[in-house]
Amino acid sequence: MILRVDRLQTEMPPPSDPDPAGAAVVQELLGGKFGEMSTFMNYTYQSFNFRARQQARPFYDLVSSIAAEEFGHIELVATAINTMLTGSAGGPPAPSDSLSGVKAHQNPQQYIAGGASALVQDSNGKPWNGDYVNATGDLIEDLTWNFFLETGARNNKLKVYEMVEHPAARALTGYLLVRGGVHQVAYARAVEKLTGVDLMKLFPSPRIPTDKIPECQPHIQAGEHRKLYRFSPSDYQEIVAVWNGPHPETGEDLFVPEEAQPAGAPAFDLPAQEAVFAPSANPAEISEVAQRLRKAAGLPDQPTGVVAQDGNGTGVVDKVKDAIS
Amino acid sequence: MILRVDRLQTEMPPPSDPDPAGAAVVQELLGGKFGEMSTFMNYTYQSFNFRARQQARPFYDLVSSIAAEEFGHIELVATAINTMLTGSAGGPPAPSDSLSGVKAHQNPQQYIAGGASALVQDSNGKPWNGDYVNATGDLIEDLTWNFFLETGARNNKLKVYEMVEHPAARALTGYLLVRGGVHQVAYARAVEKLTGVDLMKLFPSPRIPTDKIPECQPHIQAGEHRKLYRFSPSDYQEIVAVWNGPHPETGEDLFVPEEAQPAGAPAFDLPAQEAVFAPSANPAEISEVAQRLRKAAGLPDQPTGVVAQDGNGTGVVDKVKDAIS
Amino acid sequence: MILRVDRLQTEMPPPSDPDPAGAAVVQELLGGKFGEMSTFMNYTYQSFNFRARQQARPFYDLVSSIAAEEFGHIELVATAINTMLTGSAGGPPAPSDSLSGVKAHQNPQQYIAGGASALVQDSNGKPWNGDYVNATGDLIEDLTWNFFLETGARNNKLKVYEMVEHPAARALTGYLLVRGGVHQVAYARAVEKLTGVDLMKLFPSPRIPTDKIPECQPHIQAGEHRKLYRFSPSDYQEIVAVWNGPHPETGEDLFVPEEAQPAGAPAFDLPAQEAVFAPSANPAEISEVAQRLRKAAGLPDQPTGVVAQDGNGTGVVDKVKDAIS
Amino acid sequence: MILRVDRLQTEMPPPSDPDPAGAAVVQELLGGKFGEMSTFMNYTYQSFNFRARQQARPFYDLVSSIAAEEFGHIELVATAINTMLTGSAGGPPAPSDSLSGVKAHQNPQQYIAGGASALVQDSNGKPWNGDYVNATGDLIEDLTWNFFLETGARNNKLKVYEMVEHPAARALTGYLLVRGGVHQVAYARAVEKLTGVDLMKLFPSPRIPTDKIPECQPHIQAGEHRKLYRFSPSDYQEIVAVWNGPHPETGEDLFVPEEAQPAGAPAFDLPAQEAVFAPSANPAEISEVAQRLRKAAGLPDQPTGVVAQDGNGTGVVDKVKDAIS
Amino acid sequence: MILRVDRLQTEMPPPSDPDPAGAAVVQELLGGKFGEMSTFMNYTYQSFNFRARQQARPFYDLVSSIAAEEFGHIELVATAINTMLTGSAGGPPAPSDSLSGVKAHQNPQQYIAGGASALVQDSNGKPWNGDYVNATGDLIEDLTWNFFLETGARNNKLKVYEMVEHPAARALTGYLLVRGGVHQVAYARAVEKLTGVDLMKLFPSPRIPTDKIPECQPHIQAGEHRKLYRFSPSDYQEIVAVWNGPHPETGEDLFVPEEAQPAGAPAFDLPAQEAVFAPSANPAEISEVAQRLRKAAGLPDQPTGVVAQDGNGTGVVDKVKDAIS
Amino acid sequence: MILRVDRLQTEMPPPSDPDPAGAAVVQELLGGKFGEMSTFMNYTYQSFNFRARQQARPFYDLVSSIAAEEFGHIELVATAINTMLTGSAGGPPAPSDSLSGVKAHQNPQQYIAGGASALVQDSNGKPWNGDYVNATGDLIEDLTWNFFLETGARNNKLKVYEMVEHPAARALTGYLLVRGGVHQVAYARAVEKLTGVDLMKLFPSPRIPTDKIPECQPHIQAGEHRKLYRFSPSDYQEIVAVWNGPHPETGEDLFVPEEAQPAGAPAFDLPAQEAVFAPSANPAEISEVAQRLRKAAGLPDQPTGVVAQDGNGTGVVDKVKDAIS
């Protein structure tokens, strides 16, 4: 089972100019064959289906804990897409033509099926599906696949980087390249430990060193490329048996940090987009009910949840919200 | 982001007689339109895409924390399927005809694509897909849908209950009926709070009281039908604003327990199934490597992970393993 | 638009011994590439999208009216499937193992997603989809396709005939072979009129004369193989311009009858199947509410709708219902 | 079975400036998860599969008759799309570059697979499929789903309204919002009658009163929001037992009109689009053959079918046709 | 089995101005329902599954040899797409925004999943699938279908011709119209021989004579519309028994040429597109390795394969490459 | 382009006892994610889309020639399935119940859509689709994927071996394991040459040495595990630059043989299956027409094509045919 922490794994920029076309492209990193839904679900089902796990504990722990990190990645990609769509549907709801600006959008369902928000689809609008999961139960095969899956994911991230300049997309790909790179190394290392094959020579793959990407720098400087978190209060201790030795690109030592997970950062509380009825064509109604329920339950007047902006209308997002309304 | 706890949300029975036909049917509860992948992913994406969440915090917290519980449900369904398939592929690997007994199996991919294990598919062998997710951003609509989704899920669980007698399937459905019932009430309550509609009158739906199902009894006696967990170390405090009042079937008070999540139980370490190369056609190789790596990393000789059986070959599973080998 | 007549286009047998395996196969005639959903939707969309229809009125009328008949065909196939499944899920609902007898069923979703009833799927459990529709707007191409579609449909009906002996399946295929044969001739005739190609020489295709099939006899004796109905109170008069000349297999004259549609027959009121909660795990509740509403609305005590059995529990279905309960 | 009436359920505007981008978006209302194919097919299969229908006759009649109305809705959506595409492919056929203007179209298949016409797809170009149908046989569950389905459909119509300003799209959504609203109320009423749950409090959902939409006004003034038609020459009399009481938004009485269906209006005879060979790259050939066949069959010189424009080339469409050729 | 010849069936133009929008449209001719993957796979599986082939040898030979030609057609369509995309991703790889120009592309996967290259998809980005294959085993039915499939393919080619003016698209459609026309006649002839139906009267279908298309002229002048190749070193001799008589459009004699296949032409060696890492973000690495391996294997310094441009950097493609880099 | 040779790459057994359940399983090797359609199409599209191929000629030649071999593999799998289904539909066509024996078949479409023949589907009846193709254009990534794809394919072949004992399935898997093993080595070698990674240590993967499988023996003894054919009359000479060195399992030298392709063997002429109208419900009609056409074309009385049995009714298949008729 899991526990959820209401923070993003890394800081994400506030909404700025909307970029619907970019948001349609970033969907590939969410629901594409090599997107984060695929990494999340591949490792999750491999861990569920892992037979004789006690005998292979370091590998079970590796797959299980990386699966946990991947949940944070689908969260980040969705956050980037939602950020990029914010402001594009903020006008008044029907009757109006608030959405006429996105009539020729590549993925109209981001507005029609969603609320100016992420879908479980790829960049061609095709839903993610369970066929993208390989969980054969054969440990060497699954680990080899995982290495390849991360390679394909890295390829796609680099291309989306080139295609989309929006700050949210760049912050996203910068972070994911570093952390996906960790997983690529981790699975390569696992195959190496099991079979003796020196997969380290395949790095970087594609042939673009991670440290060439400016948006990766802060994370590299924080050593995020060397750390594999356990992502568990007390389990998955045995990843240390696999995650060790030098990093294939930098030669620095790989290590498992003390803390279970990165500190992360709160998400921005993305503003309502009335034209798509998110959270309502009439958000005040919800706000009032929520406030009443909160009071009745003895909760404080201010929401207990933490978000990236302050609540008094002077934060960054509030300014953006003013600007785009 | 999430933290993962290497325990099941409830105790599951050890493998006994394999039931491949039943395991094919139980797939519906995993990858079906109304299966646990759907509940997990619907609530997860609704939480990711939740706009103006501070204003609607109790509802955001509700959807977010139930999403977290649903991860545990896909884990349980996969566990049940894997348990039911254990023993059906335990013979020697190729060359042999170890798998000839499942040649006419409804879902041959459980053996060919998987390792006698769960797939991300429904009972007709169709992959789960992202189209099953509704995350419109309209809060009332999403909560109404969630209520319906849980109703459909309960329908399917009851039918799978009738169709499959295997102990793992019955333990699974008994638990899921109780906890899914909690979610059904939670979303009904949320709609009620927001709109005044008395959805409580729709219970039970389908028209079979939960307490009629014998396998639900232990969980009802433990009060699991009344508790909504936060499934977070410190977040999602505001679910108390929605989850309160009487249970629609029993009239008892609903409450949010102190503990973040149920205690749960360790999983059985399901034995290797050599005929499908899970974890290998030659598991000893993996075991040796793992032991070597463990030692090199300064880990203890015995695996640090906890499983349901003891490690000295005298537990229940070991006996089963002997019996089926 | 359409008006609906609550009668089947032909008489169907009452439920007898259930035949789940057969019912799974008959799905091909409903949701298969060459099933009745395909014929219905192909002609429907061709009629919607028909350009310059005044100039081509006889062809527009032909396609439009045959589309209308096809609705009755999906109704008949669904009826056959439902009839064949009746009795297989009539036991008590959960907790029970009333459905254990269909655990190894080819299409478990007929019970889990449906209520022992037809699905919009083919015989492999794959959903029908809009890709099966060709409505190119090119009249000659569409008519040529329609001829081929009917040929493929006839092929499939003949094979299902051989595969499934259940009386409902045989009554179904007997009728559909005659009426589908009419459509096959109609489209061939239309192509012939437009281009001069003598498609009559392709009959019968497949090479099995319709009059060889015993279950086709009553319909042939009633002349149903020669009639093309308008299926409209007053429209589609111009089909006479296409539907004329000799029948390619029998040489008899084709004609458009006075009556708009066949007399048809009422459907059997298929009994509840409690194990799948159809119409409820507790049908009496619905019955009571319905009776109360009827009275309040000034309707007579007895339902105004007509079904194939009498209402006093002595009809054929009632006997079957007794026998299988 | 059905009878077809060659009229639209409401008047639609003639073609004007083509709007291919809008036509791609409107596809969502046809082949989307919450589009009219879904409402049509959900209710149709629920009626086919309805068990113990005599005992539940008012509900059977309700579902059956609404299914019939939905056929008219797919017809209207297709008509709107076809109207919006008219004029965009009216140039000379190959060899030419008549279609170069739509090279970057979101849905090139509207031209390549269709004849500048509607496809059985959604706004992302994904085919409608049978998975969108829920016909569980459990009456309360199905009715609850139907209410939700209409809610989702209303959401999508409102968004398409905002996105597409073309007169055909606006006329379409104006009408469908009123009639879909009737179905939303009808199913809510049915659930209410069966269970006592006051779903009326959920209206309007989304939170935009129908009478705010200008294009709904004529239909509201005609009382179309209060009428539920039987859509049958003589059946489905018992819908009066469910369709009664006050309208949840206006408080006016709901009623079942005397007439079986709305008067409707003839469709415009959309002109040929030669560039896509609809109905031919050489339409004159078809016209000549049709005329010859008509004469041979003793039909009058003028087509017997009625369309919205006159036949002598002076009607609205003829002018448009002149303008765009 | 097959032998492969490293030449295209016809000469294709070198890359010029890239045309991504056009390349997305041309995908329909590759992975669409009526694209070349469909013709290739339909005939291939019909030949594999052909029963009693000795008794029906001329027809077996016909289907088998046309299947072989179709491989060359998927090769040509892929070549056209790749040519049209060349130059659109030739900038420096990440970090850069080399792909920002194609952010709003209809099919972003041509860059993200592919390397500025063809995908196995249609023009809406939907993958080709095995459902598009009809191989019923009924010879008359299969041949009738094949005729229709070629008709649909011709329809689509003509529309793509109108939609896309890029030289590669025009060269492609010009050639395919001639050769696809041959297959359309061949299957019509086969049906005619088997049944006596005079399908010749259906030509041309659509109603646009092939000789009207300028890009077809060179191939018609070379007699390519009259030749059916055996596409085999020594097999498929019996196609002469079907492929004979006059061409339905020109009246000229059909004939089977001496040579097994057309002479064809070498492909252009399309330049690297570094922004999409094709063949690498750092192509020099590959080049060096290849040269080293060649030498070690005793191969000549210059590649043994033949391409359309010379190897010394002065050919057409080299100039284009210079121009676009 | 390709030339086709009307021979199988290896000898296949004649039909014996039919094995429909086995034939449904073997579909995985044809249309599964890791089936031969996938290997064929992956390499084919990689070769089509190969950029800068002159610089990387040995790798281009490798991928291109292996693609050619894979055509022979889909042919072999289809042949095995067809052989296994032969005899199960040989009874009289409708009216009859000749197909009642396969009513509960896992894949009824093998009979309804096919003619007791192979479909482009996997073992769960899901169509193969273009999503299974990875052709990224990044050479290292594509080759790494190809290695993994062959690994997955080998896994599936071994499991099908265990599951299905029918002689055709065993002959098939025996041969494919050897030849697929060659491709697995070839791609591993290619990655090794390009990057220095020693993938040889991953063999065998899964951990079952090829020489343990009895049905592989004849092919190993013939050295088929060491040969990589060019599969081209004169091209693809540079595969020698990659295909060299010792075999990872046996240590023997790898080599490129003189002959372009294996000698192979003629296919059995599988007898008609009248119950599924393959090639007709009335095969004599076809035979007569064929004979007449042959004569008219000046062809000899006996078919020119070579099949595995003699033509005078005394061969193996003829006996089988007698036995099963």
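Remarks
As written, the chain order gives the labels A, B, C, D, E and F, with residue 1 at the start of each chain.
The rule we apply is simple: a residue touches a chain if its C-beta (ideal position, glycine included) is under 8 Å from a C-beta of that chain, and two chains touch if they have at least 3 such contacts.
What you are looking at is a predicted structure, and each value in this text was computed from that prediction instead of being measured.
Touch-path distance (fewest steps) from subunit B to subunit E is 2. Among the remaining chains, those touching subunit B and also subunit C are D, F.
Overlaying the C-alpha trace of subunit A on that of subunit B calls for a turn of 180°, given as a multiple of 5. Distance between Cα centroids is largest for the pairing of subunit D with F.
Distance from the subunit C centre to the subunit E centre is 41 Å, each centre being the mean of its Cα atoms. Centroids built from CA atoms put subunit C at 49 Å from subunit A.
For subunit F, residues touching at least two other chains, in rising order: 33, 106, 113, 121, 125-127, 131, 134, 136, 138, 140-141, 155, 206-207, 276-277, 280-281, 285.
Taken as a contact graph, the chains fit none of the simple arrangements: neither line, ring, star nor complete graph.
A list of each chain pair in contact follows: A-B, A-D, A-E, A-F, B-C, B-D, B-F, C-D, C-E, C-F, D-E, E-F. In the complex of the two chains, the subunit C residues touching subunit B come out as 93-100, 102-104, 106-109, 111-113, 121, 125-127, 275-277, 280-282, 285. Chain contact summary for the complex, subunit E toward subunit F: residues 1-9, 31, 37, 41, 44-45, 48-61, 64-65, 67-69, 71-72, 74-75, 78-79, 82, 113-121, 127-131, 133-141, 193-194, 231-233, 235-238, 240-242, 244, 260-262, 264, 269-273, 276-281, 283, 285-287, 289-290, 293-294, 296-299, 303-305, 307, 311. Across the complex, subunit B meets subunit D through its residues 33, 131, 134, 136, 138, 140-141, 144-145, 148, 151-152, 155, 191, 195-199, 201-202, 205-207. Taken in their complex, subunit C has these residues touching subunit F: 21-22, 24-25, 28, 32-33, 106, 122-126, 155-156, 158-165, 206-208, 212-214.
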